[in-house]
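Report on the following structure.
Which chain is which? They are A, B, C and D, in the order written, and residues in each are numbered from 1.
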Amino acid sequence: MQSAYIPVLIYAVLVIAFPAVTLILAKFIRPASTSVGAKLKPYECGIPPESDSRGRYSVRFYIVAMLFVIFDVETMFLIPWAILYRGWVAVHQGLFALVSMVLFLGILLVGYLWLYKKGALEWV
Amino acid sequence: MMTSIFQATIEFLKAFWAPLLCGVAIVAVLPLIVGYIVLVERKLMADMQARLGPMRVGPHGLLQPIADAVKLLIKEDIIPDNADKLVFWLAPVLSVGAALLSLAGLAIGPAFQIAQDINIGILFVVGVSALGIFGIVLGGWASNSHYSLMGALRSSAQLVSYETAAGMALVSALLFTGTLNIKSIVEAQNKEGIWFVMLAPVAFFTYLVASIAETNRAPFDLPEAESELVAGYMTEFSGFRWSLYFLAEYANMIVVASVATTLFLGGWLRPFAKFHELPGFHWLNFLDFVPLLLMVVVGVYCVQRVPKQPTRVQQLFMLVVAGLCFVLGLVLLAPVVVPIAKPFYAGIHGGFWFIFKVSLYIYFFMWLRFTIPRYRFDQLMRLGWHFLIPLSIINVLLVGVALIAGSYLNLHGWGLLLVTTPAAIVTLIVAFLILAMEKERNAPQDQAAESDFYAG
Amino acid sequence: MLDKALFYFFAGIAVVSAVLMVTRRNVVHSAIFLITALLATAGIFLQLRAEFLFIVQIILYVGGIMVLFVFVIMLVNLDVALQQIQFARQKWVALFVALALAGQVGLMFWTSGKMPGQGLPVLTAAAAAKLPPNSETVARSLFESYLLPFEIASVLLLVAMIGAVVMAKKRA
Amino acid sequence: MLPIGHYLFLSLALFIIGVVGVVTRRNVIVVLMSIELILNAVNINLVAFSRLYGDVAGQVFALFIIADAAAEAAVGLGIIIAFFRNRETVLADEMDLLKW
């Protein structure tokens, strides 16, 4: 572990402890909850809940998350490219670097355009 | 044995006292800052709607955040019957933890940073703050209510859609910096003598829109659209748990504003910071006195308001606020005029400019919230997937082309504008083409429901 | 000393949450424990001086792939599923596989005549000095030595994108 | 300074847990998550050896493995969604038809 991360680790503990400890402390400060019955039901504008909420939802949410993962991978490959790009440009290798990235992005853009044409990105 | 542990602790504190102090300060002060941001937001909203806003607690409602905090702390804690107790407890903690932890990577001034000089700097901030999505989606799932789960799914769908655009905007800026280290990013802008907002305006715009959507602020506050979803993923959360989500939301706002400030607006640099380093006096160096001027104006305003206060206590309070402003002004003046204090210039003025820019960015968020009506969810997703993402990808490539052209023309600093501005203009033309295409595509929109791609 | 403590800390979290992930009934709890395990692994990466991979692990694995998992769990999560038997009748197969793998490693140590960990090369500071600045070195290696795999990765992603959409779309 | 064996053991432990998960769990989503665990174990090995030899190639390969895991998760979960729409279940042993 590089020493620069040790404060981060301690800070992480602090940051998780802060809300957790306050949540626990708040338990002692506030008056005990005496709620029963309807108050503890999920809020559905006053009507008793019809069903368990953990049911089926639209597949579109999956498509959004899936496309996000793919584009996220793409971004993570773009970032190392981006930080080296100026160095390559300075030694006039920029064109090669750009073409290799255009190829990478181009292949993915084919997929994007296919989705766009198919209407798979509607609503999405 | 005891002494050796004691010695090790001393060594440890010696090595890390500054970042640790920053950490403790952030955790201790941030809730307060967030409280006051909320107050400022309410006051601004009231002002724009010709109301007064909170006035009761303290002079001009200045103690309102503290009253709110106490209220939230002692409120009844309701856990719904069918909730998953462990996850219900964990989710708000996760949300606030991710938002606060990501602050560790940011540098308020050259010295105020918890993760000093880490190699992955900006990615650390972006990556860790993205983990907050689990707080949202798990919180919505745990409360076992339709509104919560729907709000959580919507919110996280929105977050992930705009994260890609934000990431691409980030890449555009990183093309100029050549590093991920936060300090080096700011230094690169100092060396270049020009902020990246000028060199990559389209990326800044993309990041701006994406960051509003990522923080669930109006006009993209779909997850909490009261008229449709009650309060989205927070519906079942009350009292202190709710306030943790609230804290996370505002902390996230600070995070995105800081990232934008660091990447595009020159971080802690003063405008035209290059002239400060030059020997002799340049007329642009009057900017060194702007902080003082600002403080004096606020102080004088407070003094002038003193007679209008109804009670003695409030008058005294106003005077104290004015005095604080003057003292702050003096502190900000010292590094400019007192020779001994010169080494602290970067620290003190850096902090001022950074906070100033972050405040402006957040002010812009608020302004938008008071001005623009809410989007519909499909409009929001279309804006993200059909407009921002292709635009930002094209922008990355065009900025790359511009940089190559710049290297052949041997351009630096302000000269780079010669190549980046045409690139930005081309990107804008592409943007208008995309918009026109979208408009044509969406013209016969009513039949769309029948040919639903994912139905069934 | 600190290195060792941190390793055991992260490794402990990783193993414990991995076990919990496999044994929990509730899929959402499993996902939470997998996230913990992945974050602990990110800590191990950091300890191994792979800063860039640490953040890639957090952004891609935890912030990307796990979000996808959680989404799908939300989409298909019926409470009926919780009441069903969660474990297949293949306990013996699992035990056999685990024992075989462990036995193989044990045999390796038995034949080498050394205790686990002994005699193996130690991670030296000299080797670590070659790694930073990490993002830059990784980027250099990626684009100078592994450019072709990089381009092929985009084909893989394209296939994944189209395949997943075709899977999820309604049947004609 | 730790010997490489520690990391190999950690990796092995995660690998075995992953394999046990794949073999024993009925829920396909958990099976996929166990596969992620296995891939993760591989990554630990790669990064540990990259640290041992001071060569970043291992980290680059770990990067590729993560990209691969993303693709695998996308397609795998797509299959699960398609399966769930038809059978209203995500249990592996109910996947007993080649075509439905």
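We take it that contacts are C-beta pairs under 8 Å (C-beta built on N, C-alpha and C of every residue); 3 or more make two chains touch, one makes a residue touch a chain.
Just so you know, these numbers come straight off a predicted model, no measurement behind them.
Chemist: Could you quickly compare B-C and A-B and let me know which has more C-beta contacts?
Modeler: If we tally the contacting C-beta pairs, A-B comes out ahead.
Chemist: Could you say which chain's mean Cα position falls nearest to the mean Cα position of the entire protein shown?
Modeler: Chain closest to the assembly's C-alpha mean: A.
Chemist: Quick one: chain B and chain C, Cα centre-to-centre, how many Å?
Modeler: Centre separation, chain B to chain C: 32 Å.
Chemist: Distance-wise, how many Å sit between the C-alpha centres of chain B and chain D, to the nearest whole number?
Modeler: Their C-alpha centroids are separated by 36 Å.
Chemist: Using mean C-alpha positions as chain centres, tell me how far chain A is from chain B in Å, no decimals.
Modeler: Chain centroid spacing, chain A to chain B, equals 17 Å.
Chemist: So, what's the distance in Å between the C-alpha centres of chain D and chain C?
Modeler: Measuring from centre to centre gives 6 Å for this pair.
Chemist: Which chain A residues touch at least two other chains?
Modeler: 2, 5-6, 52, 54, 57-59, 61-63, 65-70, 72-73, 76-77, 79, 83-84, 97, 105, 118, 120, in rising order.
Chemist: Any chance you could list the residues of chain B touching two or more other chains?
Modeler: Expected reply: 118, 123, 141, 149, 153, 156, 160, 179-180, 453-454, 456.
Chemist: On chain D, where are the residues touching two or more other chains?
Modeler: If we look for residues of chain D contacting two or more partner chains, we find 63, 66-67, 70-71, 73-74, 77-78, 81, 85.
Chemist: With touch defined as at the start, can you tell me which chain A residues reach chain C in the complex?
Modeler: Per the stated touch rule, the residues are 1-2, 5-6, 52, 54-59, 61-63, 65-70, 72-74, 76-77, 79-81, 83-84, 97, 100, 103-105, 107-108, 110-111, 114-115, 118, 120.
Chemist: What does chain B use to touch chain A in their complex?
Modeler: 15-16, 19-20, 23-24, 26-27, 73-82, 89, 92-93, 96-97, 100-101, 104, 114-118, 123, 141, 143-150, 153, 156-157, 160-161, 163-164, 167-168, 170-172, 174-180, 230, 235-236, 239-241, 244, 247, 378, 381-382, 385-386, 389-390, 393, 396-397, 400-401, 403-404, 406-408, 448, 451, 453-454
Chemist: For the complex, give me every residue of chain D touching chain C.
Modeler: Its residues touching chain C are 1-10, 12-21, 23-27, 29-30, 32-34, 36-37, 40, 43-44, 47-48, 50-57, 59-60, 62-64, 66-75, 77-82, 84, 88-93.
Chemist: With touch defined as at the start, can you tell me which chain D residues reach chain A in the complex?
Modeler: Residue positions touching the partner: 63, 66-67, 70-71, 73-74, 77-78, 81, 85.
Chemist: Which of the residues in chain B come into contact with chain C in the complex?
Modeler: 84, 86-87, 90, 118-120, 123-124, 126-128, 130-131, 133-134, 137-138, 141, 149, 152-153, 156, 160, 179-180, 452-456
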